[in-house]
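Labels A, B, C, D, E and F are assigned to the chains in the order they are written; within every chain, residues are numbered from 1.
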Amino acid sequence: MSETKKVKDLKAGNTVDSTFLVMEKELKEFITKEGYYLQVKLGDSSGSIWAKCWEKAEEVASLFEPGDVVRIKGVVESFRGRLQLIFEPEGLERSTEPCNIAEYLSMTSKNIDFLFDEIVQTAESMGNEYLKQLVFSFLRDHDFINSFKKAPAAKIHHHNYIGGLIEHTQSVVAICETISRLYPELDRDLLLAGAILHDIGKTAAYEYSFRIDVTEEGGLIDHIVLGYRMVEEKIKGVNGFPEELSLRLLHLILSHHNYGEWGSPVKPLFAEAQALCYADLLDSQLKEFTQIQKYEETKGKEGVWSDYSRRLNRFFYLGRGKK
Amino acid sequence: MSETKKVKDLKAGNTVDSTFLVMEKELKEFITKEGYYLQVKLGDSSGSIWAKCWEKAEEVASLFEPGDVVRIKGVVESFRGRLQLIFEPEGLERSTEPCNIAEYLSMTSKNIDFLFDEIVQTAESMGNEYLKQLVFSFLRDHDFINSFKKAPAAKIHHHNYIGGLIEHTQSVVAICETISRLYPELDRDLLLAGAILHDIGKTAAYEYSFRIDVTEEGGLIDHIVLGYRMVEEKIKGVNGFPEELSLRLLHLILSHHNYGEWGSPVKPLFAEAQALCYADLLDSQLKEFTQIQKYEETKGKEGVWSDYSRRLNRFFYLGRGKK
Amino acid sequence: MSETKKVKDLKAGNTVDSTFLVMEKELKEFITKEGYYLQVKLGDSSGSIWAKCWEKAEEVASLFEPGDVVRIKGVVESFRGRLQLIFEPEGLERSTEPCNIAEYLSMTSKNIDFLFDEIVQTAESMGNEYLKQLVFSFLRDHDFINSFKKAPAAKIHHHNYIGGLIEHTQSVVAICETISRLYPELDRDLLLAGAILHDIGKTAAYEYSFRIDVTEEGGLIDHIVLGYRMVEEKIKGVNGFPEELSLRLLHLILSHHNYGEWGSPVKPLFAEAQALCYADLLDSQLKEFTQIQKYEETKGKEGVWSDYSRRLNRFFYLGRGKK
Amino acid sequence: MSETKKVKDLKAGNTVDSTFLVMEKELKEFITKEGYYLQVKLGDSSGSIWAKCWEKAEEVASLFEPGDVVRIKGVVESFRGRLQLIFEPEGLERSTEPCNIAEYLSMTSKNIDFLFDEIVQTAESMGNEYLKQLVFSFLRDHDFINSFKKAPAAKIHHHNYIGGLIEHTQSVVAICETISRLYPELDRDLLLAGAILHDIGKTAAYEYSFRIDVTEEGGLIDHIVLGYRMVEEKIKGVNGFPEELSLRLLHLILSHHNYGEWGSPVKPLFAEAQALCYADLLDSQLKEFTQIQKYEETKGKEGVWSDYSRRLNRFFYLGRGKK
Amino acid sequence: MSETKKVKDLKAGNTVDSTFLVMEKELKEFITKEGYYLQVKLGDSSGSIWAKCWEKAEEVASLFEPGDVVRIKGVVESFRGRLQLIFEPEGLERSTEPCNIAEYLSMTSKNIDFLFDEIVQTAESMGNEYLKQLVFSFLRDHDFINSFKKAPAAKIHHHNYIGGLIEHTQSVVAICETISRLYPELDRDLLLAGAILHDIGKTAAYEYSFRIDVTEEGGLIDHIVLGYRMVEEKIKGVNGFPEELSLRLLHLILSHHNYGEWGSPVKPLFAEAQALCYADLLDSQLKEFTQIQKYEETKGKEGVWSDYSRRLNRFFYLGRGKK
Amino acid sequence: MSETKKVKDLKAGNTVDSTFLVMEKELKEFITKEGYYLQVKLGDSSGSIWAKCWEKAEEVASLFEPGDVVRIKGVVESFRGRLQLIFEPEGLERSTEPCNIAEYLSMTSKNIDFLFDEIVQTAESMGNEYLKQLVFSFLRDHDFINSFKKAPAAKIHHHNYIGGLIEHTQSVVAICETISRLYPELDRDLLLAGAILHDIGKTAAYEYSFRIDVTEEGGLIDHIVLGYRMVEEKIKGVNGFPEELSLRLLHLILSHHNYGEWGSPVKPLFAEAQALCYADLLDSQLKEFTQIQKYEETKGKEGVWSDYSRRLNRFFYLGRGKK
């Protein structure tokens, strides 16, 4: 009997009748005969799966576009160690019910509105009126808020899901709050403005309307320079913004990856810039570590050691009591 | 007229009559004639200076030892771009008044008792009784407290002064508190115990009774393995301390420099160990950055750029309004 | 007809009736249906193979544990380019005959007792009574001898077999004997004591009772610090062991990987420590090289060049006359 | 007798009466007594020298500013292996005659107008009207031309003199012309537009009105991002400039240092960008090599080998017939 | 119906009747039964494919050798994602018609005779008679010309096809011509002689009669030292060749990979050697980049980004209008 | 009173009357006046010192050449922290007595004839007649023996003295003897032939008749390729020397620095080549370590730690009982 299932629960042999988001669509030539089959990447909040339709490929392909939600009836197969979903031409139907695409994408487990409020509160605590006005020129811009609450912080690495950017930003802000308590000689407002704005270029560097991918600008210009431009543009709108403060803030954006080999065209040349680097490093690397460790833990491997992780170049210690 | 002056205020041409701490004492052969002169490193809380006595070197040398406080009458000279203090054999007198040697060493600008209380409060907030008991077996050991409140965190790099260790430790603890709020899935008690104990090997790796230097153990074994041994020893005193918890905590100590090339014999194999690395990195590197930037700022160089800093491989931006 | 075969002689299509050592045992969920199958890693002195039983998995699994010797009747299949052994539930029988597990593990080709005698002779030639007494506190400790003669020197890299540790140790001792003839200014006894003891932490860092794997201590603490602790413990048992000598010997253990990135928490700070590094490097790297070259030679590839070796990042020259 | 001499011809003992450009001016505290002396960096087209006036420092300092031309009467001394010029308060006189400051700075040995014409000819040969229009929006902008003809290409490394930028640019253009003949599949116009514009950010990254130094923008933002912004600004003025072409050209600017560790925030992602990298590398590195080799050759060292060059980490072969 | 097809046009399911060049021939043991099958690597100018014959392997294998051209009738299959050609014992026939093996190998798309003429013209323009005579001792040696026009410049990387060496050489010569115009202080003849001869060792380092592979000398000695020897040998034949010039030219050959880690036993010690390095780097790296980019473009992937290229460690930007 | 003294015993203020070897001679322009002074580098077996004659420089310079032995009467001065010898024009006299220049150069402390005999004995033990004949074609060539017994193994690093090459060679041979006992699968004769010949290129790479310096060939070609050529030349003189054996032996010479960045144009491709690398590494690095440690020990610094050694990037542990 066909069932409504999430991607992560699919098993070979299941018959499926569920709605998914179309992330990619491609007509592929057969290797062994003339003609095309249809290959579709389907996703929901729990993951994604490749689906194939062997017949009437062009006709079926014309019924929908990436970004649509479709109802699929089909069968799950195992192919070269991975699962795929096979469906007949009549097994795909474009969903016409209104739906919230965000529900089909994987998302932060934290409360986005709470994260946003935390950031706003930090902004409100700033004493420097220029920086405060600048930060609020973003935080009160509805288009920006919209993107800022949805964007991921990466395609593959840490925080690679809807809401990843704001989750990461709030963490960096929180760490910088701690830093400014421990290092009272730093310019707190400059550091916090940098923390709030450091990654906003990611709202343009990724597409995340119905899948997470790198945009042309994201690949060719990168989020650091994109963010620099966005901040520079808004500074022009703040009357009397001091020139040195502007240079310092832009430098925080540009240098926040610390080293050239990590993507920053300049290295930090004063302490607030250096502080931001380490706050960003701490949160991005620790999140990546925990995401990969979690992935290894869910594999259910016996013994205290995980499989070898190529991305982190080590075995994780899973411990004895992991059950 | 002779004056009581601090080391940092000495100028060529001054005649001096002040008390200093003897940090090093050495008889040196003359290059141009037979015999020896006496060379002494003198210090107070503001810095240190080399002093020389050209005559009756052996006799004068027999009057005092490193660690003594001496009263010196002499003259400041400039020699190859550095200052030195020249005194006559009768210009040195061993001080017999009781004195607090700590007053002659450079020291943290933070309140050491406050830092200690902060750490104790964190320890008191722990829920895991084994870890709490272990941490307090250090924090209630008077010999340990004594060393822990005095030790530096380095000879040359960051926090290289009396109280440097406890200042650094409290910062790492504070950052780990923030981390454990942002990452509730981490074992808070393990992380905080690691933060409190991570550098305690430095109490044995440095000598700091009357100067800061590396001990034999500090050089040949290093603070990481020394700290590991100290923690392992105390764990034996905690009844029923779980074996896995013991391995995890010892691993935090051993891996807290993250990479082999930074001195850790193992790399972090679970998330709390990784978190501790970045908290330690943040505070140690940021402190080093601010110490070096401050040093460059005090030089009073004209223009917005500092001299080139070889240690950090960059020019600092000092800004326009530094006066 | 079923045959008694060694792992290395198995071919697809063979029916097998042999005894093997169970190295791992795991119940695995079917992908395509409910329930579990049984997966077992079987080994003998010539290698290891995965075996699978598709039915009554839980029941069969309850009959034996890793470390047991079992008699298996089954069929060899080729699956994704590798061989596997398929057996029926009744095809597995726990062996109850007494047997020497060591016969089922791959082992050094050298004579272990000869190697041990060589090391003992070197120890006997020592002039420094403290070092001699210390070394014999290991070489006359029966538990230690037992482990020392069995332990491997690695799980994957060089000398990764029973007796690997003692084989490697004897080579390092022999090289250090040569060094001490060429460099008479070195302290021969210190160097040789270091050579004998440098890797003894491996007796605790690996498990090798019925398979070779990394222990919890081995992964979280590593053999260098484990060996350091073992030596430090025994030094306490030697009356009047000089403090400087103790620091020097412990430093040899800790620094013997030469660089932090190779696992040593300190680098060599005097010549005997440096000498030990290169002796260890020579034997470990040369053994690894010959093991990998040998592996490539046995593939029977045509032409003078081996396949590309990723581990050594080169093609081997096999020569013209390799047949 | 006082003489009019160029900096490079000064010798200890000379009395001098010449005009120089003031590059830096600083009041410095005496070490050995109260008060200030005046320190001035003087230059002409052949080099620069520090000059000092021991008396009436504040008064003399008020007579002129950096960027002025002064007539100095004084005496050359050798001090710690370097020459310095000592003058009396009345030995300095601000020059009031009109003068061409450029004559006081070191300059390219090539003809700047010829270099500019070569670049214009290349621009005229472009077939793509958008790129051509863009390039000429720079090459016909008089303010830009002015800066472009004067700016250096570096403060310390290659082409570190007036006209260095245009000399380097013309070389890169010439190499890219050759490349586009050898690789006809590349987009010639895109590559040449990139070659012409790749370093224009240097017109803002350096100050070169009366000395060569890094500007605030140059240090905090760097020439790559500055150039990116200048090009982006001008693109807005070209009607209908295609979006993809714009992204490609901006990518050439941003990626032209090839690697992050050499300052590029993105690496080259298509062939024209990669080609530009190597053309830039060839000219900048080869110029640096020849400048340093020339410097070593002028030292007149005996034998075929130069002194060790730390900047290039080698001895140069000067050859036998260098006289 | 069987068809005459090029390798690049083969599809699974095709029946084939074409002639191919035999590049490799090997008897392989069956895994699942006794005996051997025959495995043959077949190629033509468009690529290569593995072919297999399951029966009478030894008999069929005796009919031909690598380097022969054979006519094959067989069927194309897909196996583990790659195509292979299956033929019956009677489906292979050794071609006895005279044929040009070069037609079966992939080849430069440029005109080899044109490239050679360009190089000769450069040689003719040389003013230094010793260098000119030396260069022509190669360019008029028929055996050398033959090899020089056929040899590849690599097995796997850039210019890995017949004529690759001469194509690369002519490019390097052209770039060096441009360099010598831009840097008139360089010794043009020395630079151009180096450019012409820098890679001639590749004529001995590769075999390319019927496939491209590394020779024994190529692997064990490498093309740099092989080329050095060839040049040194010919210098002996030039009467009165100046000793210093000889050392300089040989140094150009030896140092042309710039760094030890790129294969040069010495680094460039004067400007002509450094210039040659960058000319060689430019052409070899740019060609490799364009070859890999071209390969990715032909995959027909949707969207603006290529697959991830491991060799160049990036995604290529393919652009919007690639169809 | 003037005294006959060795260089290492000179002190400021001494008057000297001794014979020295002239290592360098140079006329230098005065900075502060017209004309030249004479600068001479003088040496004996204990070290070297710069000497200066302020008057009649040209005349005095014409009396002798580098390589001559001279008798000097003069006075030792301290100048910028170094000693120099000042003499009058009449204080220099060219020695006409026959003398052994080798007595004026620093030399190995081992017995050169003993070292040579050890090597000859190893050569005599070889079973492979081709290799044996080849090795003796060197060891019985009187010109070669002469150079081989005198040459240093370096200018600055390890074994940088007369006899350094043969001392190093004998050590490498001894280590390879040990290796071939431990690894009986290696080709002992090939390894030992490689050990004996690996550095013979140094006989041409250095000049050592009256000072140690790098020759033109040494700098431009380097000892590895020079040695390769010498061996290749002699192989031609051995009738029927097998081609593969020749390639293997030449590969040992070329690859013996292991990595490209250490100067080898190829990396080791079979086990004997790899073994030679580690034997060479062990002896060269250990000798360098002991030479630098010894240098630090002779400074007589107080305390257990040496000064910081930049060449080895560490402090040495000198120990407590060094007096």
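Basically, a contact is a pair of C-beta atoms (placed from the backbone, for glycine too) under 8 Å apart; a residue touches a chain by one contact, two chains touch by 3 or more.
The shown structure was predicted, so the numbers you read here are calculated from the model rather than taken from an experiment.
Counted as hops between touching chains, the shortest connection from chain C to chain F is 1. The chains that touch both chain C and chain E are A, F.
Two copies of one chain, chain A and chain D, touch each other, and the residues they use overlap strongly: the shared fraction of interface numbers exceeds half.
Separating the CA-averaged centres of chain B and chain E is a span of 61 Å. The distance from the centre of chain A to the centre of chain C, with each centre set as the mean of the Cα atoms, comes to 44 Å. For chain D, residues touching at least two other chains, in rising order: 216, 219-220, 244, 248, 251, 269, 315, 317. Looking at which chains touch one another, you get A-B, A-C, A-D, A-E, B-C, B-D, B-F, C-E, C-F, D-E, D-F, E-F. Per the touch definition, chain C reaches chain B in the complex via residues 216-217, 219-222, 224-225, 228-229, 232, 244, 247-248, 250-251, 254, 259-266, 269. Within the complex formed with chain A, the chain B residues making contact are 171, 174-175, 177-179, 181-183, 185-186, 244, 248, 251, 267-271, 274-275, 278-279, 281-283, 285-286, 289-290, 293, 314-321.
Those residues of chain F lying in contact with chain B across their complex are 11-13, 78, 302, 304-305, 315, 317. Looking at the complex, you find that chain C touches chain A at residues 24, 26, 31-33, 214, 216, 219-220.
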